[in-house]
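Letters are used for the chains, namely A, B, C and D, taken in the order the chains are written, and counting of residues starts over at 1 for each.
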């Protein structure tokens, strides 16, 4: 079993009220030096069977047709196991 | 300028109805073979200046005290540029 | 003499005026408090009202919790100032760790607005003494993030110490663990609940019931008799 | 990035041969030529951007204007009207020094593309219209139409739309007190998302959208301007001026209700301190609309420096800034000495506010960018003198056949058993079923003044805590009736909303509408539109309720197939003391049920014909507006004098639907007797207009009967509130439990 991650973010030109609210709060929390915050969604899918080209293509379709509305959102699909680099987990 | 990504997911023992709703919809959309879905949040922070140890430590604190509520959520902090491996972007 | 009860307005607070009205209906004096002021204007008690402060954008209550007013409030609540958090106010109190646990999105993923049946489990807090233990009441509920969660240890402790103040009856409207609708801190001065007692204070308005009024008369009596 | 020289007014005058992409911006050749004629030169890119959006169907009403004039021409004398058609919303005097403003708008197409955000920003837009009048918004309503309930796409669109309306309205703290949910296959690709809002103010607080007083400052406040919702303008920016840009910007915006809540509070605070001379919300056509409307409605001209507009995206071109439809922005005109205080209030609420220009003593709207003048126009030509079309219209040839296909000939139930089965099927059908699953996603209680909310006949809001003064609002529309006969259909919508308001005890005062139709380029659709407007204008004249404003939504069609003509009518009423309101629910056993009005065999367009026979044909029920007026007077008097304890108007689904609803809400059943001269089927299921069913306490029976008798309103005793079943004597009996299951399970089963 493998994990595929779909990240969905609002397109850059679309207003992101959530990200803005977070960013505006930062100075109050004593955080400087962060010039922009965007907030999006992360989906972790546990896939049965091999994550081959075909499986990824299907997940890409799923993301495009269901997890994201491509009118306002962009998405990326990653296989998790290979993406856990440079991670500073708690 | 660099991008740091904070991923926030519900702790495994906490019910994730959003992820479940996605999973329940999959068969209707003709998707088989996905045994679990979890939905969380992704924050993209644009950091002015270098993303060194100190900066990452501060972002870790930010995530712990603000971006996540550690009563219910876990988080990871990644520097984006190094994490864009195995990506099947649209 | 009457009591002065503060109502905090955060940006995005919605039920602040209604809460002031409910305080007035109970016979106390409402005092408007502003999130940017650390000054609590020497009020005798504080209500954190419902609403969507900061749009509830990060998590409900998460951003308000860092307002200047909360600095003073957290300090004084620990020293015994009576504080009631209604809905978004309850969420702020959990984010501020004045009450244990956390609030999550409703398990059915929808906003829910209904006349909710509750059982009063603890009638000895500053805000519930005008109820009797076991009393069943109807209070309007309206929220998106009303699912109360805490770990088993905390839940057991709350139960054992009688700190579950209100429990949902008939329907659990949001998936809260153990049907918890409201809790109190150990000292009984800080109470939070999801339903809106301020919306159940006039016979003609809303559901037409006045089951929420005792919250405000409880605190008034306590303060005046103190 | 390379950019050809700034297209200033000077540059335009010097380069008459430069071709601008007017066609891509939706302008017709003669419209473009008219712009050139008005200006005496070719427009600059920025000017073309402004004209193209302001002369669009949406902003200029170019196809509908010639018909809408009737609302003014036929307006009844009405002392209550303080501000009529032409402003952001109409304003009505409700007494005791209070004024009420209300309006309905559509956000249909965006809600199909992105249901949540489309619907959310629809609520945001109508609320800003209300604030712009000087009022505090106190409630919203949402008349909705979707495709077939069991169509898979409805499961995408409806939950998103409902969550969006709730997400935005709940977060603003506006109780949702009414609306409609109708399913019909004709709305499959064109759901209708109409949203209405009511606001309350004191008479002296009415504000208008005009910029007067040379030297006064123009302040833009609220959200930063971004690249959203500018569809066409980006073509202008990219193809003509800068090929490096993306060629299409998204036409859907994301709403920020939190920002809008702050906008409400800071605007009201500025009003309270009398800081505002004129004000306009930014909706469709954004700054183009706000600046040209403010300037053309005022006495002078206006100069604006576009560089001062706070941007979310620094790469926007001036054309895009002018056309951007970024949400949650307002524009105020403020005297220079009050600017500091205005900015202070905005800062208190963390709202960004910037002086972007000033009122001049000229009569031109001049806009500057990077030091060059890019717009120099007479604002009236942009805002008010757009093209007007007399589109051809013709009664479609299928209309006769449709009307000849009489629903009265459909097979009727042959036995009591069959009648009962059809009644159960009716109350469980998606259109007649309980909409609780939807409406419980809306906050009804916020602000603490909600006297009545759905499923009552009209929503009711207390305006004054001391006196109990209140207002009521109901919206109605029946596309099936309007398809059979648009003139009558529009009047039936009016009559139903009027009746709904009166049923709760409020006196109907004024009307707003949202007219949803197909393409005006189809003569058949244009005929439907013309007939509906004529019907509504005639009806309002007869009932004495002026149309105070509204909205037109055209092009609701997929290919050749237009939606049913769907005029949605909102009626506003006033009640002196909300303590006298009449609810729908049965209150006490033993009370007597009276049917008011006449019942005829009228089944054309009925719920029964749809649910049982999937049929649409014949004529809709007859309209008798004098009878509606009399019925309303009786309902209002009876409520004021305490003669009735509950009342419910009769509409789709007929008497049985009304009685079932009153019974389920009150948790009390009824025994019904079929009156002499009627058969049970007609009694239960006819949809004759002008009727209501009321519950009269026994002690009031004589007085109530006398009143109806004296004023000539037929009042027939049809039964009594009793037990936990609905029994139609000699026909059938069905338990409330069974009815409840049928009525309440349908929508969750389809959508949850």
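The definition used in the following text is that a residue touches a chain if its C-beta (ideal position, glycine included) is under 8 Å from a C-beta of that chain, and two chains touch if they have at least 3 such contacts.
Note that the coordinates shown come from a computational prediction; the quantities given were computed from them, not determined experimentally.
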item: Touching both subunit A and subunit C (chains); value: B, D
item: Selected interface, B-C versus A-D, where C-beta contact pairs are more numerous; value: A-D
item: Inter-centroid spacing, subunit D versus subunit A (mean Cα positions, whole Å); value: 37
item: Subunit B and subunit C: spacing of chain centres that average the CA atoms, whole Å; value: 31
item: Mean-CA-position distance for subunit D and subunit B (Å); value: 40
item: Chain centre separation (subunit A, subunit B; CA means) in Å; value: 7
item: Multi-partner residues of subunit D (at least 2 other chains); value: 256, 258-259, 350
item: Multi-partner residues of subunit B (each touching 2 or more other chains); value: 66-67
item: Subunit C: positions in contact with at least two other chains; value: 54-55, 57-58, 66, 108
item: Listing of all chain pairs that touch each other, if any do; value: A-B, A-C, A-D, B-C, C-D
item: Of all residues in subunit C, those that touch subunit A in their complex; value: 54-55, 57-58, 63, 66
item: Parts of subunit C lying in touch with subunit D, wherever the complex brings them together; value: 11-12, 14-15, 17-18, 21-22, 50-52, 54-57, 108, 110-114, 140, 142, 144, 196, 198-199, 202, 204-207
item: Interface residues, subunit C side, partner subunit B - complex; value: 58-59, 62, 66, 94-95, 101-102, 104-109, 149-150, 175
item: Subunit D contact footprint on subunit A (complex, rising order); value: 10-17, 20-21, 24, 69, 71-72
item: For the subunit A and subunit B complex, residues of the former touching the latter; value: 1, 7, 9, 19, 22, 25-26, 29, 31, 33-49, 55-56, 58, 60, 62-67, 74-79, 82-83, 85-90
